[in-house]
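The following blocks contain the structures, represented as structure tokens.
Consider the two complexes below, in which chain A is the common component and chain B and chain C are the respective partners.
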Partner chain A sequence: MPPRIQNQLASNSLLPFLSSTSTPSTSSSASLSKLPISQYSPSSSCSSRRSSRPFSSTASTQTKLRNEMFTWLKKEGEALKNHTPGSTNYLSALRFRGEEGQRPPSWPFPLNPSFVSEPVLSEELRNDIYERVVVKKKSVRAVSVELGVDMRRVGAVVRLVELEKRMKQQGKSMALPYARAIHEMIPTTPLHDDARGHRFKPHEAINDLPVHRLTETQIFYPVSESRQFNRVDAGRVFSAAPAQEHTQVARNASDPAAAVSRVTQQPSTIETVGKGADETQVLQAADMRIPHPHLVAHQRHRLEKPNEAREAQDLYKKRLKVEETAEKERKRISKERAEQKLLKVQPEASRFEFRFKDVEVSRETVGKDGRGSKAPGHRYGVPSYDRKKGQVKIPTRVEV
Partner chain B sequence: MVVRIRLARFGNKHSPIYNVVVAQARSARDSKPLEVIGTFNTVPQKPTNLSDEEARRARAFKEVSLDRSRAKYWLGVGAQPSGSVWKLLNLAGLVEPKEKSQN
Partner chain C sequence: MRNRATTPLSKPKLRQSWSKYNLFNLQRLRNPPTIAKTFFQQKWTAKSMARAYHGEQVRESQWARMFSRRIRSVVPMNPVKLAEDDGSAMSAGRGSGLENVTYAEQGRANSRLTPFTQMTFAPLERRLDVAIFRAMFASSARQARQFVVHGAVTVNGKKMRYPGYLLNPGDLFQVEPERVMFATGAPKDKFERREGRVARRKASETTAEAEAAEEGAVAAEETKESEVEGKEAEQEAENPREALKTLLAQAKSIMAGNKDAMSAKRKQELRGFQKAVKRVLSRSESSTVLTDSLESQFSELTLLLKAKRTEKKNDKGSKKEQKQSAAQTSESSSATASESQPGEKLTEAFRQAAENPEEEVDTSELTDDEFDVLKRALVQMRDNPIDSSKPYATPWRPRDYMSAFALIPRYLEVNQNICAAVYLRHPVARPGFSEVPTPFGESVGTSAFAWYLKRR
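Now for the complex of A and B:
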């Protein structure tokens, strides 16, 4: 709350220091206000407006604007002084004040209707997410589909609730009144008893296609009219890979769901292009790159056989299970491989553990000129760009 | 001239990271070596993704990457490890611990 004091001292820039009742350091501000102001104004850099322009007869604009602000706060702004629990308290609500029965607007800035405040998870929903993942041992993927929450958010919720529980265990204080007040004032997604029934309005879009860097370029690629050019071909063009063979195209077209699951369950089988350090995987079609490819297969099955709802549901569960086991297996293998390459030594005399990783110094890794990117160690004669403008130095991801 | 296996300092101020290099003994520390056979990060790292109980017992670790076969080769042809590299190679099981001088 700004200080709502309207007097001669209002133009004094020392005012925030003198009458800060909301700041926790009340003792210091009280002692400050006892001191004579004249002691501060000549010497300090933030001297009052009046003394800085002693010969000016123009009224200070600051004071006028402040006056207008206080008038507004007394008239229109009065409606926003106290919020109604459970609804937003945005400035844009003032325009809709007259119309009863209308939902409050979801944009906080009246002149920017394209900025819409997104709902946050309610307390019950986030606890439910935690319970489903940790207690019921469901996979993040399944919970994400059930509740309409992004997989990354599900993971973050689990970590944060875990952290909260630990803090409670350690007897640390929680900012509960703050959380309650915030949750009253911003839109939240409630927890529905039947999550499946409310699937048409999820918390957020869960199957968004991430933009790949390769697709940002504009490519003019002439194709003969007789050729069937689809998303798979477009991906190959973007990564400059040769066209697929006819037999492969026919095989994929006959069973699109199997073609997708082949890629999502065994990503190591994806074709690569380029040589040496430039070797990259061929850009896959959107069907493979979305977070939940199995949902597309499910929907396709439902549209093909609309009368077999139960079978579709069973098949969906089966498909999800296969996807989950494949993911688990992949994680296990990669972990095993990493452990195999690692030698852990705990010497008696040391506080530390030493982890020896095996690397390879050979013609393949080091290269002809000794500057190969796969070789161990920092490079010689290669500039380090860490002091260059625009380098992101803060960690952009959390390794867990 | 003697060939040594030693450390070459890289990284910025207050954040050292070392290359384990094979170089002529009289050459400068950061000059181009005969071969880089690994790295050594002396800054202890905290292990992550542990349960509370494990985290209490876990030691901080120092990361070493090393090509063991190249290290063995260079030791075989008479390269002499410096003191700090000797300790590392001993931990990796490539050389016997250095005997402390009696005086």
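Now for the complex of A and C:
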């Protein structure tokens, strides 16, 4: 039986889009028949094929492709093998290098410029964050603004450095050469000596406004031309709340900073719309929903009184302090409330602590028939599907 | 689960992997043609291309359940802009502001569109195995999965054996550092493997002796480390000779420890070190302090050694590289010197020692740069020792072609020293940027998203 001729037109989704050359040529990549024709070094691939299969007339695609690959790796791909410390070494730079002598592109995938390899915190900056938070006892919010690092990231850095210190103390093995190599390969944000450096070149945007679900719809809302229709009004329209009263509007306009701080410091006072299960808070304006609302008030003060820089700074610190104390107070109250609801009983000479929680039986909690999903305990008459096929038993959360 | 995540060349598929085959396939990748293709065909090819990369370990039905048409996005706000106006200027007049927006401005706004459809596979980034791969703790998503299944991964301090665990914002996951070093390090060559075998055999023969020797070595190391730390804390004026001496002693102990298990080349290198250290010791009597600050810069001992060796063989080509790298080291050392005074002094001392014309050239032709390099190399020998018992090539160096895939997305905060990372938040799109690392272009992303909308 003669050897089967391999079908070049094999149905593969990716094959037609993979060009055999490093230079993008749409004509060659579009046609299937041209694919195996290598444009690197036909002589070398041919010779090696000849030597490996002297009596065969069948084109062996596999060896050919492998040849192609290894020639590429030896020629163009050679630059990607090892990194040069302090600079990225991406495939997109490889194509770029021939054209211009500028900075290499920072996206690792040539076809996807919308994903950029963004810098990570350098070792020094990480330690500095830890020192500011733990040693100098600064608040996470203040450190975030100072260094231009997201608040969640500040918290995570503190946790990780704490863990690192503990591991060092316990004498556990660490991956120091690995860490060093990684920090050489990817861009890093250095620690600047003065605060200005961090202000002008922040690590990341700290005032990201998450796009709210309600704002995804397009609404046609007619408004009289004489009306000042601002962000607060737009939020109310999106959440289908009635327009504010004139007195309220006037009060907010006279002191916008107070209006913002009222919402951010006492979130429970936010107006709600809807009834029962559909009850939701009115969508607030961007001024309240960004992570650092106090910065808006600070900027407003600076715009109003541009010559009082020091006063503005003092006011900023005061505002920050107020914000922090309000946050602490809120946490304390919620903790107290949780403790009040929970009754802890620990019998003498017992290993266990019993915790009792009051149960509220209402239409909202347990539903009409008492079998609601929020109802406490085992629900009689409701089948448990945990042995059924396809039931996922992977834990959904791990408590710290 | 059988590993079907192969990276063939004839039927190429992109994978979440750092292999050179994958790199070659990535280099060949082009956007699929849309001419003379039905919309269904376009969507089908796009989704099959994308799914080979994104969560090929996840069953299609499982992924279809995870898919969400709502894509998270954020808009970075400028507090100055928010302070300037309350938004009423934008809605003035007939609802789009009093002034007409020019076409040029519109064009600028359009150039920063949010790439929503590049975020199609964002739910998969929540998976533990994918997150481990993204944090660069494993060389492929499959390997990350294996680490999880084999119990090398903890989430919030508890062992987690499910690769499909969906991380919640704030979860801290950690992989054993040894596994990470194995996954990301260069593999052993056959000589090193043999060394390991020989060492193991020898260890099994004389366990008691080996244990004693190891204990001694460990103790020496510990005392040395504590000494260095203590020095940093206590007084600056302590003699650097002590530190260098301990380093020398360590090099000797390594030589003595596994005499038979080392190749001749390694031995020669080590002997060269010892000689060089002796020479520095004889010269740097006047220098003041030696601290840890300098040891932070260079990663690979072997790379430097190789460069040195090649220089001896063919002088010119590699000399330039050596010079460049040396220049980089001097820059970086000056950077560290600005932070800590002693580092500067030490480098000065080294320079003095090298500039001295009385120098003998008998041991090896070392320049001042090389002295610096040598010093670093010696310090790193402590961090990154030659150890045949490890499953990777020692001293550790990154595997080939790793830098082409080196990236850490913003939704993770990684501490490489302890191989731990925090999943900060879910990946989001922002104007002009997406946070899901995908090698495919906009056209593939959009078609794949359209496929999963289920309106075929």
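Structural remarks
The definition used in the following text is that the second predicted complex is superposed on the first by the 287 of 400 C-alpha atoms of A that agree within 3 Å, B and C clash if a C-alpha of one lies under 4 Å from a C-alpha of the other, contacts with A are read in each partner's own complex, and residues count from 1 in each chain.
Please note the rule applied: a residue touches a chain if its C-beta (ideal position, glycine included) is under 8 Å from a C-beta of that chain, and two chains touch if they have at least 3 such contacts.
Just so it is clear, the structure is predicted and the values come from calculations on it, not from any experiment.
When the shared chain is aligned, no partner comes close enough to touch A:Ala326: not chain B, not chain C.
In the superposed model, C is the one of chain B and chain C that contacts more residues of chain A. Touch criterion not met for A:Ala243: it reaches neither chain B nor chain C.
Contacts of A:Arg351 after superposition: chain B is touched, whereas chain C is not reached. In the superposition on chain A, A:Ile182 makes contact with chain C only, not with chain B.
In the superposition on chain A, A:Ala195 makes contact with neither chain B nor chain C. Touch criterion not met for A:Val273: it reaches neither chain B nor chain C.
By the touch criterion defined above, A:Leu214 reaches neither chain B nor chain C. Touch criterion met: A:Tyr380 reaches chain B, while chain C stays clear of it. Using the contact criterion defined above for the overlaid structures, shared-chain residue A:Leu343 touches chain B, although it does not reach chain C. Residues 399-400 of chain A lie at the contact with chain B in one complex and at the contact with chain C in the other. For chain B in complex with chain A, the touching residues are 10-12, 17, 19-21, 32-33, 35-39, 44, 48-49, 52, 59-68, 70, 88, 91-92.
Listed in rising order, the residues of chain C touching chain A in the complex are 9-14, 20-21, 23-33, 44-45, 48-49, 52, 70, 72-80, 82-84, 86-88, 91-95, 115, 118, 136, 155-158, 160, 162, 164-166, 168-172, 174, 177-178, 180-181, 184-185, 296-300, 303, 325, 328, 332, 338-339, 380, 383-384, 395-398, 400-410, 413-422, 424-425, 428, 430, 432-442. Residues 166, 343-347, 351-361, 375-378, 380-381, 386, 399-400 of chain A touch chain B in their complex.
By the touch criterion stated above, chain A contacts chain C in their complex at residues 10, 12-20, 22, 24, 26, 29-30, 61-62, 65-66, 68-69, 72-73, 76-77, 80-83, 85-86, 88-91, 94, 108-112, 114-118, 120-121, 123-124, 126, 150, 152-153, 156-157, 159-161, 163-164, 167, 172-186, 193, 204-205, 207-211, 213, 223, 225, 228-232, 234, 253, 256, 285-287, 290, 292, 295-300, 302-303, 394-400.
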